[in-house]
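In the two complexes below, subunit A is the common chain; its partner is subunit B in one and subunit C in the other.
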Partner chain A sequence: MNQSYDTSKKIRHLLAGIFTLSLGASLIWLILEATGMPLTPDLGYVMNSVGDTGSINVVTAILMDYRGFDTLGEASVIFTSVAVTAAILAEPVFTLERPILSIITRRAIAYLVPVFFMFPLYVITHGHLSPGGGFQGGVSLAVLVILTHVVFGHNLAMKKIPFSLLTMGEYWAALSFGILGLLGIFTGVGFLANLATGVPRGIPGQLLSGGLIPVLNLIVGIKVAAGLSSLYITLEGNPRRKK
Partner chain B sequence: MRLDPVLLVVTPLISAFLLSLVKKLTPRLAPSLALGLSVFTLVLSTLLAKEVYINGPVASYLGGWNPRIGISLLADQASVLLVLLVSWGQTLGLVFIASYRGFTHWPGKYLVFSSIFTCSLIGMALTADLFNLFVFIELSTVATIGIMAKPDRPLGSVAGFVYLIVASVSGSLLLIGVVLVYSATGSLSMAVIAQEIHALPPGLYWGILLCFTLSLGMKFGLVPMHFWQPWAYHAAGCTGAALLTAFGMKAYLFAFFRVLWVPLQLPSMAPVFFPVLTLWGLANIILGHTMGLIQKDYKKLLALSSTAHGGYILVAAGLAGSMGTTTAGLFALAAGFFHMLNHSLVKASLLWVGRSFLKQASSSTIDVLKASPLGTGIFVLAALGIVGIPPTGGFASKLFIASSAGTPAPVIIIGLGTLISLAYYLRIYLILRDQTSTPSIVKSNGTSVRELNSLFVPGILAMGVLFIGFSSSIIMPVLLNGAGAMMDSGTYILHVLGDLP
Partner chain C sequence: MNSLGEYIALIIILACLVLSALSAVLIRGQITTIIVLSVFSVLCAVLFAMLQAVDVAMAEAVIGAGFLTALFVTAADKTRGQGS
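Right after this comes the complex of A and B.
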């Protein structure tokens, strides 16, 4: 009986392998077919984005201006995921009540945290000038929050960065993203419009340029940072709620 | 100035953010605020529908960009119907919860998730951009998990996880489809793709078609990819399950039809796929109903019945596509829309009235369900509607779909499905009749009053089934208009690309 079970298992594995390989092969073939099509000429993203949006970073121009609505949608996906995780995980999963790292590490990190803080801040505020932006900077900020939790333990980290600050930050940032978008509706241009609403463009290449793009970067940065770090804290759990 | 369709997407989204904040600061205010905002969305959608039906489709250009480089939305005669349906669904869902829970304190984050869910469904209906469609589908996936998973129900988390895996596969397939379309045509706008797609080699085209069909099929329960639905609806609780099946499933079907007719240009590119869809729909009917027949759980049975009814709608669309934009073709698709409307009403009614049966029995096993006489009455009316007994809307819609079929096979299968569903609803009725719970005298805490109140919304919905049955001659012309807008991709392209240089 055991032997027939093993054989049927082997056959199933073989079939699954063949299925997966043929699926992968057909996908590669499809991608080759699609990329083999004649390239469509640039729609104007590269040529016009500086004039259109005031941002010298084309990627940011697309993310925050041409397709800002998708960014709002994706930010809402993070927002909802955080809420869902919090709703499901009412019980703590992992907890680090007290610091587990040695005093040397803790002191060293304590001095380094302000320095670490500069990087995400730069990435967020210079999103329209150099690679980066709200999403990337926000993730780096969240990593800093996670770092404090890992190094200093849950209790101290929660005292320094209260959970309510994170949730409030996330809610307010989400709300202001939506409301900022309405500016375009009131000026009659369209939701999430940027320069067309009449906000000053600034001189492309300078910190204060790109119309609303830096503001959106800041909002998305706060939202992503707050969202991802509260996601971590929910997964880590609160020891005081431990059974 | 015309009403901007984007407001219909933004209102529920901002509502969700606002409600999270209000729930944190003054939780008691949240339910009434949610209802107010939901009614506001409903008013907006009514205004938009009126505007579209009087003055024609309205396009919205996000950020004011040309649809070739930016994102655009289009509210046409077809999409406003779905927007109306979804906003009614959200409002009725909130009224239903308020009817048994009052307005004081609602635990959990249902308010936030239902708002996000509404936003995503409306977005799926209105968007004229393929990647934007993907974003809204992702958003609805996450919101769906929120609606079905609750910490006090471990099964909900398991179902949520199963759904997450299914949705990840579905999302990956959709994204692959979008990437293939984008790299082949150089655009994400459905209108532009519709113009460019004719240059694609057949192999690539069929690959893309398969990606979209499988991906969206997983979402609306195309057999055999419907297996997650019984578990999900079982876990979700009656209130949430009604949102998922009565309204969510319709939005996925609608998005699927839009993708087939506009960007993929199925009628001219691969008309042979329409008969396949009809056959697939028939398989859904047979498999959904027979699996329902042997099902012992009330919510799982209703989930399988949804699989079957998705099949009816698919059959209607398949027939419509095979016949093209002729009177018969338009009639077939309008019949499918009519079936969507009917199914939304009855399924929400059955699930919401079922909540009181389940509550009184403390179980969802059919054999032990208990009902009050009024509850049984509502169940019978809704069941007549879903089986398709005259004069309910279900009879009209099934008759319309069957009469569109030129061959006898679909008629026989639709008839057979009706008989099977009659058998299982009759079985539930007989159990409910024998296990009538005596209407208890009002308890001091008012629980039985609340249980009685909870029958209000399902009762109204069940009456609605009768109403649409009688007024099918008034509703059908509107739906024919909608079907026309869905099948006429030329007008769609003109309205998206025409207003801008």
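Right after this comes the complex of A and C.
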């Protein structure tokens, strides 16, 4: 019985190895093929996106305008995960201060943190002009909140960035995304419509252009930043479970 | 991809991706595995940037190397000494 178990295990491992190796080989082949191909994406989006949406960045145009409903779903996935984490775990309390880093590190990071905060703000506000957008900038903001927690200790970080602010940001960003979507319904063109609702287009290439796209980028950025950082704070602020 | 140098760089990055993915599974120790996984994410981001997908590269770098590492380290710290 033992021997047959061993052979079946060996066969299963062999099959799994062959499967994984062939999967990796086909993936490498696919990537090499894809890099050799001429770039022929769906030309409709590439040709018409500036005229349709007023956004230079085609990726943001697709994410926030053509497929805005998918972005709403993506945002609600994060909202659901944060809600489930908050439902399972208790509210974060930091009674024991963890050992914070040395004074040199704290001073150096304290001078650098404003500069660090400029990068995600740039990425969020220029989402329709340059690579990036609300999601990338929002995650960067969440990482910066984690950085302040790690470097300056929980008590100071919770005083500077209160937990209620994060939860408020999460709720209100989710709500305002839906309300902005309803704007299209009230003007009679459809949920999450952008330029068809009559918002000013602006000149493509300027900061205030693209209709609702910068506003949606800002909302998604706030939502992702608040959601992911409150996820971290909830995990960190719960005591370690005894066995 | 037009020049030979870019092609060779692509091959090197793909090989390093496979190596880091394998070592993330094979290496002992939770913290080491987490760090190797973040190295994997950085390599993935470089690959995406080479393939002209800068938006995806930015998301991969920020989530995989930054946020997930912090979450995994926190989880490993909270569950230390339980299980194997």
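The definition used in the following text is that the second predicted complex is superposed on the first by the 187 of 243 C-alpha atoms of A that agree within 3 Å, B and C clash if a C-alpha of one lies under 4 Å from a C-alpha of the other, contacts with A are read in each partner's own complex, and residues count from 1 in each chain.
Operating definition for what follows: contacts are C-beta pairs under 8 Å (C-beta built on N, C-alpha and C of every residue); 3 or more make two chains touch, one makes a residue touch a chain.
The structure presented is a predicted model; accordingly, all values stated were derived computationally and were not measured.
Colleague: Would you sort A:Val123 into first (subunit B), second (subunit C), both or neither based on which partner it touches?
Modeller: In the superposition, A:Val123 contacts subunit C only.
Colleague: Considering only touches as defined above, state whether A:Leu182 meets subunit B (first), subunit C (second), both or neither.
Modeller: A:Leu182 contacts subunit B only, not subunit C.
Colleague: Which of the two partners, first being subunit B and second being subunit C, lies in contact with A:Val220: first, second, both, or neither?
Modeller: A:Val220: touches no partner chain.
Colleague: Counting residues of subunit A in contact, which comes out ahead: subunit B or subunit C?
Modeller: B
Colleague: Which partner does A:Val143 contact after superposing on A: first (subunit B), second (subunit C), both, neither?
Modeller: Touch partner of A:Val143: subunit C, not subunit B.
Colleague: Check whether A:Gly133 is in contact with subunit B, with subunit C, with both or with neither, and answer first, second, both or neither.
Modeller: second
Colleague: Contacts for A:Ala34 in the overlay, against subunit B (first) and subunit C (second): which applies, first, second, both or neither?
Modeller: both
Colleague: Determine, under the contact definition given at the top, whether A:Val77 touches first (subunit B), second (subunit C), both, or neither.
Modeller: In the superposition, A:Val77 touches subunit B alone.
Colleague: Tell me which partner A:Ala87 touches in the superposition: subunit B (first), subunit C (second), both or neither.
Modeller: first
Colleague: Residues of subunit A that sit at the subunit B interface in one complex and at the subunit C interface in the other, please.
Modeller: In subunit A, positions 31, 34-35, 39 sit in both the subunit B and subunit C interfaces.
Colleague: Which residues of subunit C touch subunit A in the complex?
Modeller: Its residues touching subunit A are 1, 7, 10, 14, 18, 51-52, 54-55, 58-59, 62-63, 66-67, 70-71, 74-75, 78-80, 82.
Colleague: Along subunit A, where are the residues that touch subunit C in the complex?
Modeller: 24, 28, 31-32, 34-36, 39, 57, 59-60, 123, 131-133, 135-136, 139-140, 142-143, 146, 150, 228, 231-232, 235-236, 238, 240-241, 243
Colleague: What part of subunit B is in contact with subunit A in the complex they form?
Modeller: So the residues of subunit B touching subunit A come out as 1, 4, 6-7, 10, 13-14, 16-18, 20-21, 24, 60-65, 68-71, 108-109, 112-113, 116, 119, 123, 131-132, 135-136, 138-139, 142-143, 145-146, 149-151, 157, 160, 176, 179-181, 183-187, 196, 199-201, 203-204, 207-208.
Colleague: Any idea which subunit A residues touch subunit B in the complex?
Modeller: 26-27, 29-31, 33-35, 37, 39-40, 43-45, 65-70, 72-74, 76-77, 79-81, 83-84, 86-91, 164, 167-168, 171-172, 174-175, 178-179, 181-182, 184-185, 188-194, 196
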